[in-house]
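Going by the order they are written in, the chains are A, B, C and D; count residues from 1 in each one.
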Amino acid sequence: MPFVYQRTVRFSDTDAAGVVYFANVLSICHEAYEASLAATGIDVKVFFGGVAVAIPIAHTSGNFFRPMACGDRLEIHLIPKLLQDSEFEIAYEVFLENQLERSVSNASTRHVCIDPATRKRRSLPAEVSQWLLQWTTRL
Amino acid sequence: MPFVYQRTVRFSDTDAAGVVYFANVLSICHEAYEASLAATGIDVKVFFGGVAVAIPIAHTSGNFFRPMACGDRLEIHLIPKLLQDSEFEIAYEVFLENQLERSVSNASTRHVCIDPATRKRRSLPAEVSQWLLQWTTRL
Amino acid sequence: MPFVYQRTVRFSDTDAAGVVYFANVLSICHEAYEASLAATGIDVKVFFGGVAVAIPIAHTSGNFFRPMACGDRLEIHLIPKLLQDSEFEIAYEVFLENQLERSVSNASTRHVCIDPATRKRRSLPAEVSQWLLQWTTRL
Amino acid sequence: MPFVYQRTVRFSDTDAAGVVYFANVLSICHEAYEASLAATGIDVKVFFGGVAVAIPIAHTSGNFFRPMACGDRLEIHLIPKLLQDSEFEIAYEVFLENQLERSVSNASTRHVCIDPATRKRRSLPAEVSQWLLQWTTRL
């Protein structure tokens, strides 16, 4: 079961070409990630403060099939996947609401868990394992 | 009756001081404006495209009383007010959800209706008058 | 003597109306502030980290006279002013390069110095007094 | 010869983790693209307005090796590459100034030229071919 996040395209998401600025598509996907963490009961303020543990993004990619305009209602489907003890990846599919047969965009982010002081890899905290269990699709 | 918009603070709203970047508070208020237009049935894509009529912001102000952090759930109360045939102002109060006795921020935007070709003032379109009627508080 | 900051309007500054999004004008002014601090020798990374002292923005305002488009070359003139031992205000004038007779926008930010732990007012640090001395216009 | 773009990290680029927000690294790379177009004499206002021809981004990717903080001076090296008559890709390397031996990030964007009315592919305009000639590295 993917996590589903609904989001209306805002004027500040757009650029002078009249559609969502490419990097803002990735920001909207990141919002879905934040909402999924909160849905698992994770305190996102503490989580993103990164004092005890930090899980920065090491890699991202995005494909943009069709433009999104101000006012468009989006639905982002998010599926995380454990890659290593210290690493996970998230796949995002972005749909126009009511047009779930064909995505307008997709994206991915890969996250590596580190100790913020040493910047060395460490294993994911328990709450993130919980989140992975909750939203990873099992076939 | 003000229009009420709910919004969770996102990681991309914050800055290295750990709280919402000042100009992003104004963006969040603008989102409330967009949501209020949509709630009146206005097509925001056409509205903000500004082909027939443009209603740019001529003035803004904001007061920041307390910081907002990632994950904070906000409630923005919006009240528009007609100033002239071609001009209106919006007052925004930003609250933390469940703490409506004291705002964390307030803001205003003043909008002037112009013909986009000549940039001369013109009267507000009917749908905006409708929106003003709907959300302006009457004592 | 004001501090002068040059900046080209970027695609990400614009919105679907084809011009700079109103809140981004304030961000561009804040960039001028950052550049002026660096020009006085202040380490902006430490400064904005806000560990020892924080100087958040308590108030902002902006007036938008004419639109700015992608590629426009701007010149921002910044003049700070001490208001109290713990407070200063910055006035910004935004010009199109080579059109310094008439600003396209102006803005202000008011900053209050606090202890980040207690959030109580405290006097401005010496380096900020230095910065005020350097960039405040004396008649 | 790559195009080289210099850029200081601004406070608005950062997030509550104290470093540049991942999607903003891609925006900074896009700024380098805009600056390279201007350096070839292309009017970026017309170019990004996309009335006659549009060249939207179809794909992007980014790798983030080390964090960038407010005030850091960056140098982005940009190299475009023609893929097809209607398509090109740009490779970006992001360095800290004076540390050109090891990049802190890299990224790519792939752009497809279309007719904005039909959204069908068309060949790149002459000025873009010119830009490719100027900045594509020849071995």
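Here, contacts are C-beta pairs under 8 Å (C-beta built on N, C-alpha and C of every residue); 3 or more make two chains touch, one makes a residue touch a chain.
Everything numeric in this text was worked out from a predicted model, so none of it was measured.
The greatest centre-to-centre gap from chain C, using C-alpha centroids, is found for A. Between chain A and chain D, the superposing rotation on Cα atoms measures out at 180°, rounded to the nearest 5. Per-chain CA centroids place chain B at a distance of 23 Å from chain C. In terms of their C-alpha centroids, the spacing between chain B and chain D amounts to 33 Å.
If you average the Cα atoms of chain C and of chain D, the two centres end up 27 Å apart.
Multi-chain contact residues, meaning those touching two or more other chains, occur in chain D at positions 11-12, 14-16, 18-19, 21, 23, 27, 30, 48-49, 69-70. On the side of chain C, the complex with chain D involves touching residues 8, 10-12, 14, 18, 27, 30-31, 34-35, 38, 43-45, 48-49, 69-72. Taken together, the chain C residues at the contact with chain A in this complex read 11-12, 14-19, 21, 23, 69-70. Interface of chain B with chain C (complex): residues 15-19, 21-24, 26-27, 30, 48-50, 54, 56-65, 67, 109.
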